[in-house]
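Each of the next two complexes has chain A plus one other chain: chain B in the first, chain C in the second.
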Partner chain A sequence: MRRSSTLSRIGLHATMLVLVVWSILPFIWTFQTSIKFTRDVAAKEPVLWGYETTANAYRAFWLDEDDINMWSVLVYILVVAVVCLILGQIGRRVRHSWPWFTAAVGVIFVALWRFPKVWEVNDEYDFLINSIVVTVLTMLISLSIGLLAGYGLARYTGISGAVILIVALGFRALPRTAFVLPYFFGAKEIDDWLNSSGVGSWDFPLIDFPGIDTLQILDTRLAIVLALVAVNQPFTIWMFRSFFMEVPKEIEEAAMMDGATRLQAFRRVIIPMMWPAIIATGLFTMLLAYNEYLFVRVLAPTEWTLPVAIVSLTGGESSRTITEAAAASVSITLPIVVVIILFQKHLVKGLGAGAVKG
Partner chain B sequence: MSTVTLDKLTKVYPNGFQAITELSLTLEDGEFLVLVGPSGCGKSTALRMIAGLEDITSGDLYVGERLLNAVQPKDRDIAMVFQSYALYPQMTVAENIGFPLKLRKIGKRDRHEQVYQAAEILELTEQLEKKPAQLSGGQRQRVAMGRAIVRRPALFLMDEPLSNLDAKLRVQMRADIAGIQRELGVTTFYVTHDQVEAMTMGDRVAVIKDGILQQAAAPEALYENPDNVFVAAFIGSPSMNLYEATLAEADGDYLLRLGDQTLAVPDRVVAARPALRDYLDQPLVVGFRPEDLEDASVVPDHPDDQRLHTEIAVREALGAETLVHFAIAAPSVDSGDPDALDELGDEESSRCTARFSAATRVRVGDRVRVNVSTERLHFFDRKTHLAIRS
Partner chain C sequence: MNRRTFWGFTIPSVVVMLALMVFPLVTTVWLGFQKLLLRDLNNPEWVGFDNYSDVLTDPEFWAAFRFTMVFVAIVVPVTMVMGLGVALLLDRVGRGRSLYMAALLLPFIVTPVVGSLVYKDLFERGGLLSWLWEVITDDPFAVNAGNVKWLIIIQSIWYIMPFAMITFFAGLQTLPQERVEAAAIDGANFLRNLWHVILPHLKVLILFVGLISIMDAYRVYDQVFVWTGTRFTDAHTLSVYNVRVATAFDIGRLGKGNAIAVLNVIGIFMVLIPFLWRSYKDQIAERT
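Moving on to the complex of A and B:
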């Protein structure tokens, strides 16, 4: 290939720089807003440099007390993050990584559980928990179904398989708004039946959900998860199918000749080859569930997730809530940014072709 | 280790395509049987039926006394080496070889020992901790072998295991695989389209065409006494020359009319094949191998009436021998091998290949006399393509 001239290289870098600034500027602006005092945010001339910083907005959004030193909260979060990173890094290097990854998940769980016991929190903390529960459940269910269905559809070559795939793609192509009302009314029908038949208020002997008196669908995390799984499923099935198509059939045949059942061949030979695909598909599913606004707003009038909570802050005229909305935006974006940075290598690997070829 | 019996195995695909028709074969304990045939002849289907990866439409498959038709692949006690090796990319060489043992819940210590033994046989001990992607083609092939031999199965199946290797390595692995098989004494069913592999490796070679078994015999027997035109043409390289000809009797001597030439056929050749007398003055198929032809100037003391007269069209000096091609004015015979090169001939004349000794001085365009070892002629029925013998 001909070596590009200095001029064209400068041009290329300049273009990239403009694009980077263009994409990152709104985020920087939001971050600045979140750490300013209200007077600087509301100033007639934008205060870009040398303003006094504060964590008031973060405190106001998350916590129910005014006299907490936000440094202690930051240290708490950083300690948890560093412990998890260390566990994760150990897990990546040792032979049996599952105990380490499980430990990291456990640390996050304990940290989230202890946080409200240490500091008084606002309702928004519940919305964070909702966000996490909805995201994790949607990922687990979507990936499990997607893996099995994608595998089946990759190996089955009959006409009905093709029909299923094309129908799935068609549903994926429809606008999300088209599904919201049917889901809402469907859920409402079920709730009405649960109420009128009395099933909803049965006292199940073994299943005892704390804080839940009656069974219902609307306004629960379950409703959000079910709806998100349904709209996301075509995507995961197509993704996994295309990855499974790249796994030569001989590999599972070899496993079966070696003495494995079909399920053992799938679990012990095929799945380990699929990790890049699982991570890539998982990240996309995570983004979808974590960022979902419309379904949550309609199906769960009070059990919000964070995007809905933020929007409720930006509607007002008060500049105080603007700093709060900025603080909320930053704090819900950061975990996602961290996860993406951690997994971006796998993401590229998973999206690149031939990732699973031997 | 046991005998394997295929009794009228038949495979018909759902779309009606009949891949295998009543294949019957018996493999003796410890025998190395090679199933050879042109591409698309159903040989891999036969192998996959034995493996359990394809259903058997009809017929029975026994290993020892056990009927395997409805047994799951994992329970058949059969190991298979795939053409693509099908190694598990995320596992090390040791884990790949040990996988069948792990599935059989063999303890870690025993497993390591058996994997190491297999690796020693295959000279893989240095590579045990590497991943398949770090290995060369030949090493990957040996890992696939290792996965098969580590569990000492009743039967090895090998599906063209050498076809992804380069020519030099293939020759070496050919000998290695045959050696390992002899050492372990495991009954082996080996599929290939390469007749050289079949001839060099097999205790017995079964030739198959269009899903129908043509002949199963020891390599020498297959070469010396092919049952039909297809086997005659398929086994041997370069192929046997096959033409339509007529055998006539004149004054008590037998003459073979091959186009515009005649060859004297000694009495004992006909005497050894009594049935040949029924074909007198009728068209039949005659075949002679390239090595049964020789430059008359190299071997001058050959009966003059057992010579062909022709003009050299192509000459290929291979060092130890020289291949020459010339035209014979007789119609050639289609052996039915789809892989065979199209004959460079027409209705009246066809190509003939001869293997001359290196001492020959013939040049392209020379008019030469070619000695024919008439003792070694092969005769076949023109319609049925079956050998004319007794």
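Moving on to the complex of A and C:
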């Protein structure tokens, strides 16, 4: 490699810093807004430093108790994060990592329980739990059926495989509006039928969800999950297919020579090799579900997820203050920052994977 | 793998796509021929091409069409050139690369509506950049119908550029080092190197990023919705216009909305069909 001079190195880093500022300036500004008092926010000249900080906005957006000390909340969050990090690091290093990862997820869920607005199912504040449910279910369904299809498409050499892939690619390109309107209409029709035939108010002995008395599609988390799984399928199967193509056929053929069926070979031999692919595809599926706005707004007018909640609660006519809007924006962004920091390699690999082969 | 096993593996995904993509698309076409109001969904009435003539004579449709075209024509090339430039810079950074990358990826990964909201806050009253504008030009700054289109375009470049950057960066990592060194020994300067070594190597990726960017820019919704809302309807793109027509409270026209959706689909397919055809040929060639 050519040795670059100190001067050009400084120039390079200076340019990168300018780019970084261009990237994250809005987030810094919003974070500042979220911890200011309203009088500083309303000041004509922006108060850039030396202002008094407060966590009132966060308290108003997330907590019901007015007298809670926000430092204790911060310490609480930090403790949970550290515990999860330790569990995760142990999980990465030992042979059976599953119990450790499960424990980490469990700790997060138990910790969330402390926040009153998380589990409150009073329609107005259930957006965080909705976001979690929608994201997790979309990932589970989308990845499991996508994994199977991706494997089939990578190994089968018939023409129908090519047709499925190309049609899926075409669907990837379509505007969301071509789907959201018929989904809305179809869900409405099904709901009408459920209503008029009385099926919707049947008592199903096994599926008795709390808070749901009549069966319907529109305005439920189910509608959002189905829509997201569908529009995510093309991406998922292309992504998994390209990862499966890298796994040599001989590996599962060897396992099948030893008497395993194809399904056994798939489960015991291929899947364990696919974890990087599953993590990469899972990350993008997660971001898709977590970030979705249009589908939720049209298909679930009251079952908000976080993005819809933020736009609706901070819109012009609402009484919420600018600081609260900023606090909400920061809160929804933080998990994503954590994801980037923890999984940057997988994200980059995932973006590269679909691409490098063209 | 024989045919039966293949379908065994693929059928769940295919059923989902048939039921939730193919079937809805057919429904869209059918609904496009109906007169159907949002507040009275039970009485569709067949009106033939009335919705289409309605759309094609609607000045708002053509305004949305024009802005969408301008949007695609500016955002796609700018993000690609910028993305390539930043990727080349990033490739030269040794220490601190992953830190830079994390910071640069943030706009692309963050929830689009939230990204738009925080970007918009810079330009609102009391925002950092609107204050800066006022200090420099001595004029007060306000988001208005005149500049909102440019603000949407700038913010979209901010949002989409990391995608091009990271894809090109991944491509640069597979560039054979010998070829760069050979070019350096031949005394090639940076521009010659870029033109004769780097760009040919990235050719497929450039096509890929270009297509994805065109697809995504053409159907842009979230940013435009956050910036304009119901205030600046002049700056609506096709998708926002489409959703507004179909779901406007109490006056939503679902039939007309579906006709617009069909036109949008036809529009993107005119760009896409040559590419799909080529991919199909590649797939067939791979199999024989």
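In this text, the second predicted complex is superposed on the first by the 318 of 358 C-alpha atoms of A that agree within 3 Å, B and C clash if a C-alpha of one lies under 4 Å from a C-alpha of the other, contacts with A are read in each partner's own complex, and residues count from 1 in each chain.
Operating definition for what follows: a residue touches a chain if its C-beta (ideal position, glycine included) is under 8 Å from a C-beta of that chain, and two chains touch if they have at least 3 such contacts.
Note that the coordinates shown come from a computational prediction; the quantities given were computed from them, not determined experimentally.
Colleague: Mind working out whether A:272 is in touch with chain B, chain C, both or neither, as first, second, both or neither?
Modeller: In the superposition, A:272 touches chain B alone.
Colleague: Just checking: does A:255 make contact with chain B only, chain C only, both, or neither of them? Give me first, second, both or neither.
Modeller: first
Colleague: Looking at the overlay, what does A:180 touch: chain B (first), chain C (second), both, or neither?
Modeller: Touch status of A:180: second partner only.
Colleague: Have a look at where A:97 lands relative to chain B and chain C in the superposition and call it first, second, both or neither.
Modeller: It touches nothing on chain B or chain C.
Colleague: Could you look at A:264 and tell me whether it touches chain B, chain C, both or neither (first, second, both, neither)?
Modeller: first
Colleague: Would you check which partner chain A:151 touches, where first means chain B only, second means chain C only, and both and neither mean what they say?
Modeller: second
Colleague: Once chain A of both complexes is superposed, is A:312 in touch with chain B (first), chain C (second), both, or neither?
Modeller: neither
Colleague: Please tell me which partner, chain B or chain C, touches more residues of chain A.
Modeller: C
Colleague: What part of chain A is shared between its chain B contacts and its chain C contacts?
Modeller: 356, 358
Colleague: Please give the residue numbers of chain C that touch chain A in the complex, ascending.
Modeller: Residue positions touching the partner: 1, 3, 5-10, 12-14, 16-17, 19-21, 23-25, 27-28, 31, 41-42, 86, 89-90, 92-93, 96, 98, 100-107, 109-115, 117-119, 121-122, 126-128, 131, 158, 162-163, 166-167, 169-171, 173-174, 184, 204-205, 207-209, 215, 218-219, 221-222, 225-226, 229, 238-239, 242-243, 246-247, 254, 257-258, 260-262, 264-265, 268-269, 272, 276, 279-280, 283-284, 287.
Colleague: Would you tell me which residues of chain A are touching chain B in their complex?
Modeller: 248, 250-251, 253-261, 264, 269, 272-273, 356-358
Colleague: Once bound in the complex, which stretches of chain A touch chain C?
Modeller: Against chain C, the touching part of chain A is residues 2, 4, 12-13, 15-16, 19-20, 22-27, 29-30, 33, 41-46, 145-146, 148-149, 151-153, 155-162, 164-186, 188-189, 192, 226-227, 229-231, 233-234, 236-237, 262, 287, 290-291, 293-294, 298, 306-307, 310-311, 314-316, 322, 325-326, 329, 332-333, 336-337, 339-341, 344, 347-349, 351-352, 355-356, 358.
Colleague: Sort out for me which residues of chain B touch chain A in the complex.
Modeller: For chain B paired with chain A, touching residues are 51-53, 72-74, 78-80, 82-84, 86-90, 99-100, 103-104, 132-133, 147, 151, 157.
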